[in-house]
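After the structure tokens below, expect a handful of questions from me.
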Amino acid sequence: MAIDLNFNEEQQLICNTAKEFFAKRCPPELARKYENSTEDFPRELWKEIADLGWLGMTFPVEYDGLGCSFLDTYGIYVEAGRSLAPVPLLEAIGIGAALVARMGSADQKQALLPAIAAGDKLVTLAIMEPDGSYGANGVTLTAVKQGDGFVLDGTKLLVACAGTADRLIVAARTGGAGEDGVTLFLVDPKAAGVSIERTKNIGGYPLYAVTLAKVAVSAADVLGAVGKAWPATEAVMMQAAVLQSAMVVGAGERVLEIAVGYAKERVQFGQPIGRHQAVQYLCTDVAIALRNTSLLTLHAAWKIDSGQPFLREAALAKASASKASAKMTFAAHEVHAGIGFMIDYDLQLYTMRGKHWEYNLGDARHHYEIAVAQAAA
Amino acid sequence: MVDFCPDDTPELKAWRLEVREFLHEAWPSKRIFDYDYDEDPAGWEEYKAFWRAVGKKGWVALTWPKEYYGQARSTVEKWILDEEFIAYGAPTYPVIGLAVAAAVLRHGTHEQRLRHLKGIAEATTLWGEGYTEPSAGSDLASLTTRAHRDGDHWVLNGQKTLGTAAHQCDWMFVLARSDPNSVKHNGISAFLVPLDTPGIQMLPLENIGDGQQNQTFFENARIPADCLVGDEGQAWNQIWFGIGGEQLDNAFAAQDTHLMRMVRMLADTISYCKETKRGGAPLTEDPVIRVQLGELMVGVEALRLAALDGYSKAATSGKGGRGALESNLNAAFYKEFWPHYAQVAMEIVGPLAQIQGGKWAQLNGRFEKYFRTSFGNHAGGTSQLKRMVAATRGLGLPR
Amino acid sequence: MVDFCPDDTPELKAWRLEVREFLHEAWPSKRIFDYDYDEDPAGWEEYKAFWRAVGKKGWVALTWPKEYYGQARSTVEKWILDEEFIAYGAPTYPVIGLAVAAAVLRHGTHEQRLRHLKGIAEATTLWGEGYTEPSAGSDLASLTTRAHRDGDHWVLNGQKTLGTAAHQCDWMFVLARSDPNSVKHNGISAFLVPLDTPGIQMLPLENIGDGQQNQTFFENARIPADCLVGDEGQAWNQIWFGIGGEQLDNAFAAQDTHLMRMVRMLADTISYCKETKRGGAPLTEDPVIRVQLGELMVGVEALRLAALDGYSKAATSGKGGRGALESNLNAAFYKEFWPHYAQVAMEIVGPLAQIQGGKWAQLNGRFEKYFRTSFGNHAGGTSQLKRMVAATRGLGLPR
Amino acid sequence: MAIDLNFNEEQQLICNTAKEFFAKRCPPELARKYENSTEDFPRELWKEIADLGWLGMTFPVEYDGLGCSFLDTYGIYVEAGRSLAPVPLLEAIGIGAALVARMGSADQKQALLPAIAAGDKLVTLAIMEPDGSYGANGVTLTAVKQGDGFVLDGTKLLVACAGTADRLIVAARTGGAGEDGVTLFLVDPKAAGVSIERTKNIGGYPLYAVTLAKVAVSAADVLGAVGKAWPATEAVMMQAAVLQSAMVVGAGERVLEIAVGYAKERVQFGQPIGRHQAVQYLCTDVAIALRNTSLLTLHAAWKIDSGQPFLREAALAKASASKASAKMTFAAHEVHAGIGFMIDYDLQLYTMRGKHWEYNLGDARHHYEIAVAQAAA
């Protein structure tokens, strides 16, 4: 069994099914349609995905899940990336539901997970603040104890699907500094004192600015232990960073296809441009970045799947994916020159979303920091 | 004698002040407007009014001969004017008009000069680019748009593409094959084409930098014979490689326009980093960002000095041109450095750089937009082409 | 099923320990010795003795068939062995011998296998490279060394160059044109040549990595007919592209050898940064150095995983090879990343990295030496060639 | 006159003379001969250069100088770089003598400058310490007041020509921190307590480790004001950094020549390798790095020459030169592949010395820091 980089049969089947499904249901026009749209995402498509059993796949069986492993769902994210499917798989399942599954009380899990698995409810994380910092130090939104509950004050940015979410998981500071004193709260975005505003952004994603002004939250809506949420939050975000990297891999495969296809077809100076060494360099730039990221991401996923420490591996994967996301699309644009610059051409869809992915869950520098902290410990 | 100072006389210093004062009056909004990446109608009106005001001062045609609406002023004065425009953040003149002016001044007839240079000098006539075709970008030899002579007219048939802001223009500078039996670079002529000619249609092509380029279709579009500029069939030699061996787009202003924007961007990037705190400290105190800023400063300053060098060579040689090696090296470097700059600036700003507008957009979303426009770095020829030309024409490597 | 763990059984874990214990006994000095970049005689003696000891254990030929001095063990055991050698910092086996073994195992006769594999397995016979010529590096088609048949001998005439450490070797694996009328890749044969054959002379070529490569001259050097390996005239297909579409040098060990050194170098770089203070703080606390280290970690880990992927594919396919796309992409990346690594490591260390020896040399001068050796990244084909092959054979771009 | 990037006639004449002189007197074999040799440099050649008047060129006329400007000597450094002339022009004149000229008392100048101009005496700077830091903070060697004089203790590394120098200018700390409290001392390397050891190095330069153990220095050997030496020391080093950049430019011109020459001649796969786009890229890589550095360096030199503030410009020039030094030689090696790796081939001489130049007087990062400090002030 040892040293094998291939999926098992079930996983391969999921990959194939996902590839077919997304190819059919999520053509590039769908991604275009939901770009900075008024609707967060196509709810009926989300329902279809729920019906396929993919939303609750990794949830425990007692909460209507399938108890599948991390690697079992890996291929779905690769394919979601390839197709630019405009659904919040990563945000609502890879992050939101994963936080609930990991840190929630039995009541919280019961209230949320089956409904999430069914595609009826949505929970997303609100962590980034106007400071723009990743990591625990970036969490400064205040949560002050009042009676049994807390009062929250502050602003969160880049919050996914706040217009649709039933609950936001708001990371707040209940005291302490750094990793100590971070607490997660389940907040209803329609609660008094919460205001949300969709912010137009380069990837066209449903990302919101969320302002909390004296928002009262009950003790029952604390997710995990007060002041001790960071390690589990970080672990979930790092796992999600691996899923984000898997999306970059899927997208990269498509970008490579587009670039190579164009290089073979486009004739300049009397021959296909793909015969020019410069274009061959650009195409292999894409392929090298893709291959490296693919290997690092699969390795990190395997570490997670097999229950080993994975922070270093996940950090290397996401650092590579962040760099690759920019590098692959840039090289593909250089292959295309003028035509790639046109809105009508699909390559740019990857470029714009790729920019979000580059930042999402930590940019390369953030993950270099984590990897080096692990290595130099 | 080595001298990088453009205004080392009282007269020149006074000139600099004059320009500066004018800008405060003529562009008080300090609105950032790049004609090739902006479609806002109000912005266009303000922009056109601004350049008409510059034109009225005679400053578009500052260095042209007096008989053709110019002021015959020195290139150093032009440089000072440009520097002030950069420093102030004023918008740049649409580059094609300047290329047309260069071509007409060099290869046009007296009548053509009288007729066309006025509108360019006064910024009342805007010109669009008509070189690029769907199958002929940098590869001019593949040009298929044809012009055939019919009495005292030329008749154009074919299609041009990627005409930046052509929908805003009145005229187009069109390259077409006038000799149907010619191949490659021979038999191509240059035409000054009024865009209201029957038989010309335009379709918009939107780009990811918020700009509009266009497809222009010519179907038996008849233009008067005197629209031919330069010798028939000689556009490759006279126009495309006409100015000191450079390509048309580099000839006068395209690169300098982009340079100006980059100098402005660098100033804004540094200010942003001074004013923006992360984790309690200004970004300028972050050691990694300091390295990034330093590297950006080196690149921008090298480009600024390369432009100065171009001016110096133009002034010395009197030919108005830079060498094939230097200009193509600069162009290649610029075309690679621009997207690099944009990428690094986005990295410095961090995740909030994604936001395009509203309260949370950083520097009013300008980093993000600069990033998107940087994918337009192919305009005027890819860096690959510039390197190839630099290597073969400049360094003498075999073709 | 995805599994990156080579030792997931008690037997394999025990095997890892066995290797580890052996290394402590067999290479107690932990001396850093790279056979291709070291000319110290004492080092060579220690090195050869070490590999003879490994050979005596049967570990050079670990995966070979039992009838040819091998142990027919699994590739996973070989991987574990290699990992332990890396982690320990043991020197690597001279790569050409392994390439010869691969070629002889695949294309040699039973007699050739019996005759030649023993010396390789026991590390008593060292092999040199005889492909490269002054005018034929990666371009094998230009090969001019000729072999003509004379009775039961082949007679070699010509010149080989850049034979790394060939002066330490007993035999050389020579590619020569056996059909005088052939052109390009046809008509090239592979020969197993004893270097004590009359008519063979060697001149040293010192490189900037402290290694010695060599010019080898063949003047009517007569070698027995059974020195031909594989089919006459088929070396291009059988040997050069013989192993799963890869070039000879990549076939077994060259890239893995370099990878091992880089993994060792990364561990040492990180330790150095932890232990070295500048301005009172360890280098690992310098934010810029953290970014540099992170980037190096990503590259090295990607290469390590690519090697694992190669092992996985070899184990799965049973063909002992990696795909043309993957192996050439890895090779191109490696060949560009190596000098990048060396440059960045030198930047991290700073000005004292210049010092080559003595008390003030950093990490005993190993950063500096690694930097110099990185200019040897062309060996086995330049990154340009690897990219070209990856693009055309792998991605299907036109040639 | 404004905007002119050409030397004046005299300067052009000096360039031409220097080019001819170095081409004739400093073939690559001379550089090879003095690589990590026992002799610091060829003294007779140094005398010849002195006789040409180049050593004292910028010295005031009252100290046997010619009172020439910075730009007047610029071309000599370009040509010294091109020819890899194994003489300590930069170390002894651009730094050592420049410090004396700028900071010395009349007595010190009289004692040293005429003799330096004549090629009879040599003064070099000892500043770098085992910590490897550039800048004022790196100066920690202690100078403790004793009577009228001082006692020096500590180690200096990478000290040029300590085996030949008549005096070392030792940067020491007499108190304070950072830029405050740095003092320069003129120390005889043969004085009691001073031990020197030549350290083999990549550029093969005469660089020494100098250890000072309770070395007594009199008040008369303080160069400049006690505790106030930093600003002038930095100014001289930054001017010297521009001269070092000029050397990189000269060397780069030669490296470009070598690479382009080889690309035209070497035939692979049936055609000159210079026809391959990859090789054209590499050659233009060299040319771009060279052109940028050349422009930045000339600009900085002009700033110095015309008496304007120049720290920002000098920093940009040296940052570019440090990067270019590595980039140009790397690209040229890529053009050459195997042959460039051989000791016999001259390209490597530039690569090895270029590594020293990359570090000398501050690496790219150090100069980025200076440039950004100026810009963000």
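Things to note:
As written, the chains take the letters A, B, C and D, and residue 1 is the first residue of each chain.
Simple rule for what comes next: contacts are C-beta pairs under 8 Å (C-beta built on N, C-alpha and C of every residue); 3 or more make two chains touch, one makes a residue touch a chain.
Remember, predicted model here, so these are calculated numbers, not experimental data.
Greatest centre-to-centre distance from chain B is found for C, with centres as Cα means.
Contact tally for B-D versus C-D: the pair with more C-beta pairs in contact is B-D. Taking each chain's centre as the average of its CA atoms, chain A and chain C sit 41 Å apart.
For this pair, chain B with chain C, the centres built from the Cα atoms lie 52 Å apart. Listed for chain C are residues 288, 291, 384, 387-388, each touching two or more other chains. For chain D, residues touching at least two other chains, in rising order: 276-279, 281, 364-365. On the chain A side of its complex with chain D, the touching residues are 276-278, 281. Within the complex formed with chain A, the chain C residues making contact are 1-9, 12, 75-76, 79, 270, 273-274, 284, 290-291, 293-295, 297-299, 301-302, 305-306, 308-309, 311-313, 315-316, 325-326, 329-330, 332-333, 384, 387-388, 390-392, 394-399. Contact residues of chain A toward chain C in the complex are 1-8, 11, 71, 256, 260, 263-264, 271-272, 274-275, 277, 279-281, 283-284, 287-288, 291-293, 295-296, 298-299, 301-303, 305-306, 315-316, 319-320, 323, 364-365, 367-369, 371-372, 375-376.
By the touch rule above, chain A contacts chain B in their complex via residues 128, 130-134, 137-138, 157-158, 197, 199-203, 207, 209, 267-270, 276, 278-279, 326, 330, 333-334, 337-338, 340-344, 348, 351-352, 355-356, 359-360, 363-365. Those residues of chain C whose C-beta lies close enough to touch chain D in the complex are 132, 135, 137-139, 141-142, 161-162, 205-209, 213, 277-279, 288, 339, 343, 346-347, 349-361, 368, 371-372, 375-376, 378-379, 382-384, 387-388.
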